[in-house]
Amino acid sequence: MIWKNTVNFIGCDAQYEEARVVIFGAPFDSTTSFRPGTRFAGQAVRNDSYGLEIYSPYQDKELPENVVYDCGDLELAIGSSSKVLGQIEDCARDILKDGKLPFMIGGEHLVTLGSVRAAAEKYPDMHIIHFDAHTDLRRDYLGVELSHACVIRRCWEVLEQTGKNGTDAGDGSGTRNMADICCADGRIHQFGIRSGEKEEFDWARAGHTDFHPFTLDGLDEALEQIGDAPVYFTVDLDVMDSSVFPGTGTPEPGGIDFLTAMRGVTKVCERVNLIGCDVNELCPPCDPTGASTAAACKIIREMLIAIANRQD
Amino acid sequence: MIWKNTVNFIGCDAQYEEARVVIFGAPFDSTTSFRPGTRFAGQAVRNDSYGLEIYSPYQDKELPENVVYDCGDLELAIGSSSKVLGQIEDCARDILKDGKLPFMIGGEHLVTLGSVRAAAEKYPDMHIIHFDAHTDLRRDYLGVELSHACVIRRCWEVLEQTGKNGTDAGDGSGTRNMADICCADGRIHQFGIRSGEKEEFDWARAGHTDFHPFTLDGLDEALEQIGDAPVYFTVDLDVMDSSVFPGTGTPEPGGIDFLTAMRGVTKVCERVNLIGCDVNELCPPCDPTGASTAAACKIIREMLIAIANRQD
Amino acid sequence: MIWKNTVNFIGCDAQYEEARVVIFGAPFDSTTSFRPGTRFAGQAVRNDSYGLEIYSPYQDKELPENVVYDCGDLELAIGSSSKVLGQIEDCARDILKDGKLPFMIGGEHLVTLGSVRAAAEKYPDMHIIHFDAHTDLRRDYLGVELSHACVIRRCWEVLEQTGKNGTDAGDGSGTRNMADICCADGRIHQFGIRSGEKEEFDWARAGHTDFHPFTLDGLDEALEQIGDAPVYFTVDLDVMDSSVFPGTGTPEPGGIDFLTAMRGVTKVCERVNLIGCDVNELCPPCDPTGASTAAACKIIREMLIAIANRQD
Amino acid sequence: MIWKNTVNFIGCDAQYEEARVVIFGAPFDSTTSFRPGTRFAGQAVRNDSYGLEIYSPYQDKELPENVVYDCGDLELAIGSSSKVLGQIEDCARDILKDGKLPFMIGGEHLVTLGSVRAAAEKYPDMHIIHFDAHTDLRRDYLGVELSHACVIRRCWEVLEQTGKNGTDAGDGSGTRNMADICCADGRIHQFGIRSGEKEEFDWARAGHTDFHPFTLDGLDEALEQIGDAPVYFTVDLDVMDSSVFPGTGTPEPGGIDFLTAMRGVTKVCERVNLIGCDVNELCPPCDPTGASTAAACKIIREMLIAIANRQD
Amino acid sequence: MIWKNTVNFIGCDAQYEEARVVIFGAPFDSTTSFRPGTRFAGQAVRNDSYGLEIYSPYQDKELPENVVYDCGDLELAIGSSSKVLGQIEDCARDILKDGKLPFMIGGEHLVTLGSVRAAAEKYPDMHIIHFDAHTDLRRDYLGVELSHACVIRRCWEVLEQTGKNGTDAGDGSGTRNMADICCADGRIHQFGIRSGEKEEFDWARAGHTDFHPFTLDGLDEALEQIGDAPVYFTVDLDVMDSSVFPGTGTPEPGGIDFLTAMRGVTKVCERVNLIGCDVNELCPPCDPTGASTAAACKIIREMLIAIANRQD
Amino acid sequence: MIWKNTVNFIGCDAQYEEARVVIFGAPFDSTTSFRPGTRFAGQAVRNDSYGLEIYSPYQDKELPENVVYDCGDLELAIGSSSKVLGQIEDCARDILKDGKLPFMIGGEHLVTLGSVRAAAEKYPDMHIIHFDAHTDLRRDYLGVELSHACVIRRCWEVLEQTGKNGTDAGDGSGTRNMADICCADGRIHQFGIRSGEKEEFDWARAGHTDFHPFTLDGLDEALEQIGDAPVYFTVDLDVMDSSVFPGTGTPEPGGIDFLTAMRGVTKVCERVNLIGCDVNELCPPCDPTGASTAAACKIIREMLIAIANRQD
């Protein structure tokens, strides 16, 4: 009999039933404003993850067996943002319903909106931690509201809406004080931002988000303030400097270096009550050296090891 | 005083008012099923056209001055196919209204639908000549109807609809016999097709289109049959073999060679009553050698020279 | 529950038990004399096969469901040719034992030797049809005998040896006349060869192989002569001209064009008693345009459709 | 009527008459000693500048409207350095004559000589601030004196000559004390230098230039010393480390990082009496990731914002 | 003791004294009108020639030992066309003086002028056979006369001048009838031309050259007419179609295929009284697949084998 | 007479007899676990070294003439690791026998084993200093012991074995106290390691190597401890961050920057009793920008200058 060699992200060979974390790819880039190609990220990180090991010398831990299931890439309705977001939302909802953590690999940043909708439905009081070079806070981009340049603004609206509808999280945790969550302001924590329009920076600084431009400074304080509230973590990899991460639609010099980014994502995954996450905006065809994909793989590995080794 | 050096397609420096042909770029690729990047085609052919001359030794003619105006690329609402098609339709309609010929440079093939809508509005009895590797006749692609894989099917529907609404062409040619044009069947002439689903080939072969797979064989007969009916000409450059045209989203081996393609487009532009055209699916980042862009430039130049030298 | 999206070659989603054809990848390139990288071919053709359809307009047939199983790439002992050949031989032997046809995707051409050993063990009277730009008939390459530059010479030796050992094929077909198969000479049919050392050409022309340089001319005669003897078919894709297939370790101008190649492989797969085959020497990193991978995908698809539609 | 979409550097849409700054491209690379291709920089930064915004979060300022005019690339006599330098000198002289600031985008570094000649003619007492990885102080390169490897030596000679000829600057500032400017020594301020021949380093260290190897250390002191003397600022982008700026003819590891470079150019543009500047040695085909072009775009944007927001 | 492994073109390991043919590289591309980079051709063909064998199955001959010496690339004064041409002329003159055949590898096509000057000095009655996509007959290119776009026009002037000066060839062949050679018209035989300005085509067709556009048709007649007159052969590799030869500054679709080109150059080298030749306009960085370099290598090999096997 | 222009590493034009240092290339990559291509490093650094000067501003020294001989690349038996290692060992032994220092340019890291065998034969008490991103301490890689992932483990075994056999070094230095060298533990000094399996890290930390993960911290102490014992220095260039060195089989973010690496290698070469060294794992086709090759060139130049200027 012949063995079937399926290409999962390295070490992510659990069965679905036993897994606590579920990886899925969201190969979508239809609203990318500059150079498209992030749709190829899921397969690229799977293929190239075999250049890695399952041991992190930084955390001195391995990725345990039987914890992560990789269900491959979704088959998305390329060309229709609203359909695609529905497909992503359905997938994330199913994973959450089964008590697992959805770990999405973009695609462009707009895919986050699908997962956030599903997560906010279950956790209306959740916070979002957002690493990015860009504010992503535009009202619209050339008249289009479902654009990767607007995704965090759309997420803020989701939080605002679900906060108002705010009911019990439905996870047996008892009644919550909805006063805490009736407003989205301050529940999105942005780090590393170094590009955007003046209106976006003004809107963020007006208190709509917990805004930390340029670096990850203030991350410890934010984590402390968040406490044990549920957190969705979205990592736009272009938060890293274009020297280490040129492989993205809009490469951005002036960003944080790899070790800072890696320590940042590890810290978030170790400390917060993480209920979902994504890593996005890797555009493999934009970097023929493969170094960007390698950096993405290591960021994902460190996140998985941190999540998988948590004792909840 | 300083001279402004604007990058137009070579030889296309006419003023709008005097021009008989108007080039515009449609930088859109949101529904591309495989590798996106055709949005960069307009600028690429303008830049690289300076590797050409305005003289064609094949036609032994030059591109005359004062005939072609190049208005650059449209600023399209990336991410929203319906908005984008509206923008293209508006642009083409304006050009047609001014009695000029719209010459669109895609972008992916879906952009053709915008121009065809505008053209069919003015010329409900028009034919479409279609060079392509793909049928583009799907009902939908993964549930999306506005997809580059469906564009000729959508065009057929436009012809069907406008045919039924069929009124005088509004060009002073007098009353027409609407019986001739009440049906789209047979008014789309497809050449070079070598890929598609079985259903698409069956649908075409059932008589919905005038179907010529693999080569340009039958072009002379089709031109004769079309006579002086108005013709919209859409050239998907992947009709050419992938050896000479690898720079496209889905490269297709087994196609026609460059000289055959060039002679084919020249023949169409010389003979028919051309009322609009486009050249699409060049994806510059897919071919770092630039040879695909060079081939596209030459195809466009030959078309322009043939059109511009016609005495109508 | 979450659906697992596994990347098989398009249309090759059968279960192992029901399949008649089994695809496996052999990601090995350690002996490549010039530019390595063929190890990435298996994943590349799987990923890019989604740019194809399962319908061939050339054969006017679809790839039927439930016929082809794709077991992914083997995990080979990179760096040790002898171990790797053993792994491949074991895999091919298992498939043959189960009465299925092994369809290997290289890797460099040396991988053929593993499959040929397994096939010749079962079919000592088998012939080999060989499409290639290179003779691959060297005794050794810089002192190394297990080299892709020597693989057909090694295969000849296998035929010579198994011919001498020639026993009943073990498939219930009864006693054979070993006189027919006691010698390897003439049982390897080479087509398209256009490079090699003088000694190789001399050795081939001396009658050791059925030698057809430059083109596929003589294929019909060879097929007729082979009759219903078992045939292993090995396709080095560099038989195609470097214009359509630059993505290989040693690109070779002056080869056959894509349509000729495609018709040739189809003819072989339709007519002979095929018992195993491989397609090799695609080197995806050597062709960033992806056109070479596209050509490889189509060659594989046509072969699969021809094999799968045969009524044996 | 159809709108003409011209590709200017983002935000540089002023009319010539109202503009205070005039951008022009100098697409020349005939003397490049290693890898040519800088001729494509002008169009590349214009195209890719649309990945930027006109707002700088670093300066918390926008690029104001009506300040910068972009006249495109000059049409230069490729192959003749002396003709090309004449063309550049003429262009810069015209801009200076109109009381505007010439902002040239190279091209290789030799183009600076053309602008410096025009600037020194008007401002014989001017200083030059030079950011670069290389000294560019050779007497000749393989016998050629008009080489990008010699450009700062040639500029020194211009300063020496115009200093000796030194007359009133012709800008209404009255008579000057020519003693201050009769010698070029010390009027060229070099920063970031990390490559060159021993003779070049010795010549610089002998006091001919104000020499600051490796970093921007000493920039504040130099700016203070320069005071309000007119300054021409030439930025060879390879002053940046090859990690963030590989896209240049001779990539140089060991350089300053992007933020240091960006702060340095901003400081110069904010503080000195800038009368002309250029940014050169971006070679777009050398970096297919586009990250080098992105870095160049941001350096240019920050310079423009700093210049445009100055109240003179 | 350690062996020195020098990278010569494959099989070109003769000592200078014994050699009949001398290869030298002319790494110059300063006047290239579109994409520079041909300076890297010499090293590229040497490195990649090891993907070839010294046996040609087309000619059924090997490259004999002790016939060809490869002296590497000249160190040229990049940036100064006149100096560079002088260096090339000196090198070719020395080789000719020693009774050997200079075989130059460009570089851009302008380098031919240096060799032609040296050759015409010795052979004032020589003919030039010219394979190219471009006429190269401009008077000047943007005001520059020493440009690769003008090189054949310059060569014609050399023939015209040396013809008028026409003296005995100095090779002991006795007195010649200068009437035959007093005019350059008709002594340049152009094949494969498919691009140029109308003026160039008109000038050629007026009889100044023996003009054969598009193909090699007429080559046999030309060879017959030339008889045993001395011939300089210049091969601009872009005479080949851009599908097989995209790696050049200005790729040109619509050209001859590889086999036609190879047979053409072989025929010339076998039949005429060849006194010098060059192969130019390979631009390795323009074709990352290496297929263009492979095609160039094979063209050069076939020429060398044909020359080396001639019994003069 | 014609000058032969041989491409040596810049400044390495000594005759063999006079040279103190001998460069040789080892173009081998057959066991590379991820992306092969390091075989092209030797020619790449030779070609691109001409972008450098022979003067180091960091050391304020030039590379002296007559010190370094470059014998080119070995012709290795690609495909057979054991043969290749034998060829390398022979070459290094010959150089050592002649009292010169072998300076090998890989190729993948496995090539180090050949040189180390030769060096340890002469210097059984030698230490190894190892800069790398990876431990390279596996027992085997997928069953293969001669793999670049195992090379330092193999080197440790060589030290262990030669230590036990420990005899007089054969260089006239008289009898040694074998007690000092009977064990390999602690004689390999590893720096910069940031990837590997847990077992490798555990084995290193158990004292088998002097282990310094992540950075070069502890280098001074190690050099002091080593004293004047003979040292073989092996530099896997991927010790550098993937931002400055993406051009390697497995790019590794999180490494040391260029200046740190350059100062580290300089310090080792200045201080220790160096008896052999290598620089490996540059994979030129993995980085089309050339920046990785540029970084490798500068590392090699600084090492050569430091070695050549030592007064031993």
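Letters A, B, C, D, E and F mark the chains as written, and numbering starts fresh at 1 in each.
Everything below uses one rule, namely that a contact is a pair of C-beta atoms (placed from the backbone, for glycine too) under 8 Å apart; a residue touches a chain by one contact, two chains touch by 3 or more.
These numbers come from a predicted model, not from an experiment.
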- Identify the chains adjacent to both chain D and chain F in the sense defined at the top. A, E
- Query: Counting only C-alpha atoms to place each centre, which chain is farthest from chain E?
  - Reply: A
- Item | chain D onto chain E, rotation angle from CA fit, given as a multiple of 5 degrees | 180
- Message: C-E versus A-C: which interface comes out with more C-beta contact pairs?
- Response: C-E
- Whole-Å gap separating chain A and chain E, where each centre is the average of the chain's CA atoms: 58
- Query: Any idea how many Å lie between the Cα centroids of chain B and chain D?
  - Reply: 43
- Mind checking the centre-to-centre distance between chain B and chain C? Centres are C-alpha means, answer in whole Å. 41
- If you look at chain F, which of its residues touch at least two other chains? 33, 35, 75, 241, 243-244, 288-289
- Message: Tell me the shape of the graph of touching chains, choosing from line, ring, star, complete and other.
- Response: other
- What are all the touching pairs of chains? A-B, A-C, A-D, A-F, B-C, B-D, B-E, C-E, C-F, D-E, D-F, E-F
- Query: How about chain D: which of its residues touch chain E in the complex?
  - Reply: 29-33, 35-37, 39, 75-81, 83, 141-144, 146-147, 285
- Any idea which chain D residues touch chain F in the complex? 33-35, 193-198, 201, 213-214, 241-244, 246-247, 249-254, 286-289, 292
- Message: Using the touch definition from the top, list the residues of chain B that touch chain E in their complex.
- Response: 48, 50-55, 57-58, 60, 62, 241, 243-244, 257-259, 262, 288-291, 294-295, 298
- Item | Of all residues in chain F, those that touch chain E in their complex | 1-7, 16, 22, 24, 43, 47, 69, 71-75, 91, 94-95, 98, 288
